[in-house]
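So, here's a batch of structures to check.
Shared chain: chain A. Partners: chain B in the first complex, chain C in the second.
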Partner chain A sequence: MSDQLQNLDLPYFAIFLTFFLAVLSSLLVLAPTQRGISATWDYLKQVKFIERNGIVVSTYIVIAVSLWVVVMIVAPQFFMVELSFHDGTVAADVNYDYSQTPYTFNNYSYVIFGSGSDDSYFNVLHLKVFLRTIIASVCITLLAFVLCYPIAYYMAQTAKGGTVRLLLICLVLPFWVNEILRAFAFRILFGSSGVINSVLIGSGIMDEPFDFIKADIAMYAGLSYAYILLMIFPIYNAIESLDHNQIEAARDLGSSWSRIHYRVVMPYAKPGIASGCTMVFMLTAGALAAPQILGGPSSLWFTQIITNWFNLGDWTRGSAYAFLFLLSCIVFVLTVMKYFKVNLGELAK
Partner chain B sequence: MSSGVDLEHVTIRFGDFTAVDDANLSIKKGEFFSFLGPSGCGKTTILRAVSGFNEPTEGTVRINGNDMQGIGPNKRPTALIFQNLALFPLMSVADNIAFGLEVEGIKYVERRRRAEELLDLIALSGQGDKMVSELSGGQKQRVAIARALAVEPEVLLLDEPLSALDLKLRQHMRSELRNIQQRVGITFIYITHDQGEALTMSDRIAVMSAGLIEQVGDGSTIYNEPETAFVASFVGENNPFFGKVIKADENYAQIQNKFGLLRGRNTQGLSEGDSAILFVRPEALSLVHGDEPSENVIESTILSEEFEGHSIHIHLEGETAKKIALSISNDGTGSKLQVGDTTKICFDVDRAIVLPEGDLADE
Partner chain C sequence: MTSDLIQKYMVRFYIAMFFLYLFGPLILMGTTAFNTPKFPTAIPFKEGTLEWFTVLANDKTIIEGLQNSLLVGIGVICLSVPIGLAAALLMSQVHRKVQPIYYTIVVSPLLTPGVIIGISTLVFWDKIGTSQGQDFDAFYYNPYFLTIVGQSTFVSAYCMLIFLSRLQRFDRTLEEAALDLGASNVQVFKKIMLPFLKPAIGSAAVLAFLTSFENYNTTVFTMTEGKTLTTALASKARLGTDPSLSALAVVIVGITLVGVTFHEIYRRREVRKDELAAEAAKRAAHAADKAMAPV
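So, the complex of A and B:
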């Protein structure tokens, strides 16, 4: 470690540190408490955390949560960010140990400008894929919301206990099947000799099979379905606590159903909707299996490019791509949330 | 028919359960009408049938003479005030009040002006920008009334709106509600299990029990001339004396009871041999001073005595676990009685009423 520190190019290290702090702070912002460490400690003392839970349980909780945060979140991100500033063009050893290579911005500039040997000034191909991934993820999130909101509303306000349980089971059971298998199932469903084409041709609507995969319809369908539970449950939770009398009151005052939803139910369920949309967007943007399996030949998801870098053996470039992508998604989500006046704290409701 | 609310043979069933059984009544325009009964008697179901959330299984609900069948709650000229008020927590007070107007597509400025008018009416002028959570219980109550009045309903339906308030506020809101009703002059249909509320506010009251309307009448009729044993025992305090009718004419009936022969008015045409209950109000009972009257004298043991300022309540051992309650006005000398003493009490024959036993047989 000391050898390494001596080799450090100081300005690079400073920039790297700033970047890392940015990640760390965005992660901290995501934490529901939004407090500093000392404030958190004061808070725990105030609520008599240790007195209430006993020393054993308290210690376990503190250690487990710290391990979770440090080992699962902070450390991997730290190493990934650190890695992204190394020069991957200098050959690494067989274990992908880049620690001896110099610090550089090359990986980041490559995302935007490419290798420089291309015809265009910008890295058009990757930026296009990046934009398309974001836009498609937004569309899929909206589609999932449109599909899930009525189901969630029905389960939360209209259906009786038994029906709700049955519906929940029907929703959850398919997710026992592995994500990749589900993607393949969609491929079979949408294939040129698949069920959908057979039905369409059999019923005489079409003469020849439609290539759903080439048109990316299979991919969008698969991605929309992949995370519906994460959309339904937060919305269901939020709407369930809405007093049914409020809906009846609005109805009694002459309101149409659309206005009841727009003015009464949706504002009330806003935290749930935000939570569901955020999760679905983040997971869709970061999905790999569905685009890989269901994507048409011309379609590329940004995660596929990232994977590609790792597969090609340039982990530093892959890290830079992954980190930039994560950062963009977080910034995008925070901006949208700001626009809809949702607090981060509300997501944890 | 009339221009108020009419229920014509309204029966409402949920599966095998009959919530409302053949309700037949006519509520006049501008009347303050109460449905009074214990919880589960079907009064809320009737209210929801008038507002349109339930459809009657049989029979017809008419508002202004128009059959309301198939007309949704959003299309009826009624406004409902919920037991828990159901104000919209994410809207300001003014937005809550103006919600019905917003639905009608009225422009913001006009909405706001109407909301301010209603805020004046409910004595909350200038508080339109507050959030609902910033208001006290009584203020929320008044906002709920204003929100319902904003759509200018012809009938205002109130589902126990005062039950969440504390006693003092409840009493204040009673006169407030009555005031508002007289100012706006529309029909109020009020649901309550609190007979005090019903008696003080209503022009007429329908007393309900287990889906049946037992009696309809103004407060003093309900209190003084109950037609069924249920009404007699549910409205106000009453002392029942169970027995068989041994002598009856068109004016009076006499029953044989553990305490002897008791005689009261026979308004329901009871005849000899009928099982009956004689009801005497606590305030109609008095202690025997001096000469003993010729009839309706009961001898019993004093179990407790409560001094309540203007009156003194005395409880005596009854024929069942239920004590005989007696209340005498405070003449400044006290009752001069000791707990454990045996005393004689009596009542005037015209202040007791003999009614068919009905459903109260097991009590």
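So, the complex of A and C:
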């Protein structure tokens, strides 16, 4: 049985899956017509979806979307998770055909307990990096929110049309500069003969250069810089639709400045704030370039550990780490959103 | 009154500081490209030079990376724009109850870390390749193929969002009118839908290319052989000892600025054209109403 499973031809499997999804999706589209699919060609032409788009366009839509959803989104994730349960340590015996290695939970227990030969009971090194990634990402997200909220509010409620357009263009520009180059800019800024050290030494505050990169300061600074703009736009969009009269009314009724923001503006902009925070958190936690360029020689960020497993050739362990990382990020985001009572549907807008 | 004035200046000061924070590092990096010291240095500025641009022009890995990036970028446009369009067209047509699920699935690649998209793409096609008993020349292992597919996974979602926002302003009565007048579905698609979506197709292609061009997290896994410009850049930046990188930054920023400015101007003009057309239509309808009134 397991032999048969392993010999299953995957491209055919993928094609089958695509076909299956195509049928499923057309069924879902058919559902409102309440007619079923026991239909002849003529009858098919009367199907709402096909009737509206025509055969050619319908086929194009169904094939393109199924290809994307099945072959590019769902199946790769599925097979990554499947791979993470294989035993990578015996892969060399079967010529690195992972599907021939037995199923095991080793890769997952390794994240928590390590190889067992270490002095400590837990895999302290990796767990530490994991916690650092999550906690630092949260801090960076909060910092980005604090920095961006005033700008977003100013653009949405106070500034006039021309100013807003100018500000928006100025905000978009640095966003288009390559991520690597943004990190490289921080390396120049924080290097031992970089601008900050030159200024500090030149003004006599310090005698010799301070190694910002070794102290991880460069990395945290670079990470908080990298995705900050993704916080502004969702919040700006949310606040923009707030009727300014509401703010005036609160002010007339004697609300203080901070109370207006806390009680009127922020609750209204909650979906925008949530989606900005989610994006910044996910991108920061999943960043790879900034830690690699600014982080010095040791692994500081969890994505670096994942990458290391792939460089070392153990794909199964790398996949397990990747899946665990994805899962914990999603669970974390969902928990926080539940705590702040943000609806997922609202977020999607 | 004075407190208002103080507040106004404080806001201005804050905005100035924010933009200093945004642009300062980039401007400093730019200056190192024109400075002589071998280690990228902005202060003190010793002597202006264009030496680093010549070093850059003779750097083989960078030139090769640029070619690869262009190739991958074009591939990503060809794959993700049609997919994004199809996904957007389907959005309004799936059943009301299925729509949230569909939306969640197709938007999920935007929130999935790029590293994981890269890994899963690599794993999936490797698995298919080995199950077929293919050797490493097969296209399943081709770095360009893997990179194009991997990047398109999330770039398609960006394209879809662009098409969705354009489709929101689509007047469905146009479609119905054409159908009533005897046009075929394909004709409607070609003569009404595509022309209406044309600016969005342009925007989506530009966005797809730029996103692909600067992507690192996914590409670093899928580009199993050779390098794109961004991955070549990253391995150089990790050493961080050469101002030719800053020179490249100046070039890229320059090109991006020109590109974004042109795109912005073009987009503005399209929006204005739309608004004018809508206004003209409204006026025409109004005039028609007036003309009809006495009858």
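As a working rule, the second predicted complex is superposed on the first by the 268 of 349 C-alpha atoms of A that agree within 3 Å, B and C clash if a C-alpha of one lies under 4 Å from a C-alpha of the other, contacts with A are read in each partner's own complex, and residues count from 1 in each chain.
The rule is simple: contacts are C-beta pairs under 8 Å (C-beta built on N, C-alpha and C of every residue); 3 or more make two chains touch, one makes a residue touch a chain.
Note that this is a predicted model, so its numbers are computed, not measured.
For chain A, the partner that touches more of its residues is C, with chain B and chain C as the two candidates.
Applying the stated contact rule after C-alpha superposition, one finds that A:Y268 touches chain B and leaves chain C untouched.
Judged by the touch definition given at the top, the superposed model places A:R259 against chain B, while chain C stays out of reach. Using the contact criterion defined above for the overlaid structures, shared-chain residue A:E179 touches chain C, although it does not reach chain B. Touch criterion met: A:D243 reaches chain B, while chain C stays clear of it. Contacts of A:M80 after superposition: chain C is touched, whereas chain B is not reached.
Applying the stated contact rule after C-alpha superposition, one finds that A:R251 touches chain B and leaves chain C untouched. In the three-chain superposition model, chain A touches chain B and chain C at no common residue. Residue ranges on chain A touching chain C, taken from their complex, read 6-11, 14, 25, 28-29, 31-32, 49, 52-57, 60-61, 64-65, 67-69, 72-77, 79-80, 83, 97-99, 147, 150-151, 154, 158, 167, 169-174, 176-189, 191, 193-195, 198-199, 202, 225, 228-229, 278-279, 282-283, 285-289, 292-293, 303, 306-307, 310, 315, 318-319, 322-323, 325-326, 329, 344-345, 348.
Within the complex formed with chain A, the residues of chain B that make contact are 51-53, 72-75, 78-80, 82-84, 86-91, 99-100, 102-104, 147-148, 151.
By the touch rule above, chain A contacts chain B in their complex via residues 243, 245-246, 248-256, 259, 263-264, 267-268. Here chain C touches chain A in the complex through residues 11, 14-15, 18-19, 21-23, 25-26, 28-29, 32, 39-44, 82-83, 85-87, 89-90, 93-95, 98, 100, 103-109, 111-117, 119-121, 123-124, 127-128, 130-132, 149, 152-153, 156, 184-186, 188-189, 210, 213-214, 216-217, 220-221, 230, 233-234, 237-238, 240, 245-246, 248-249, 252-253, 256-257, 260, 264, going by the rule given at the top.
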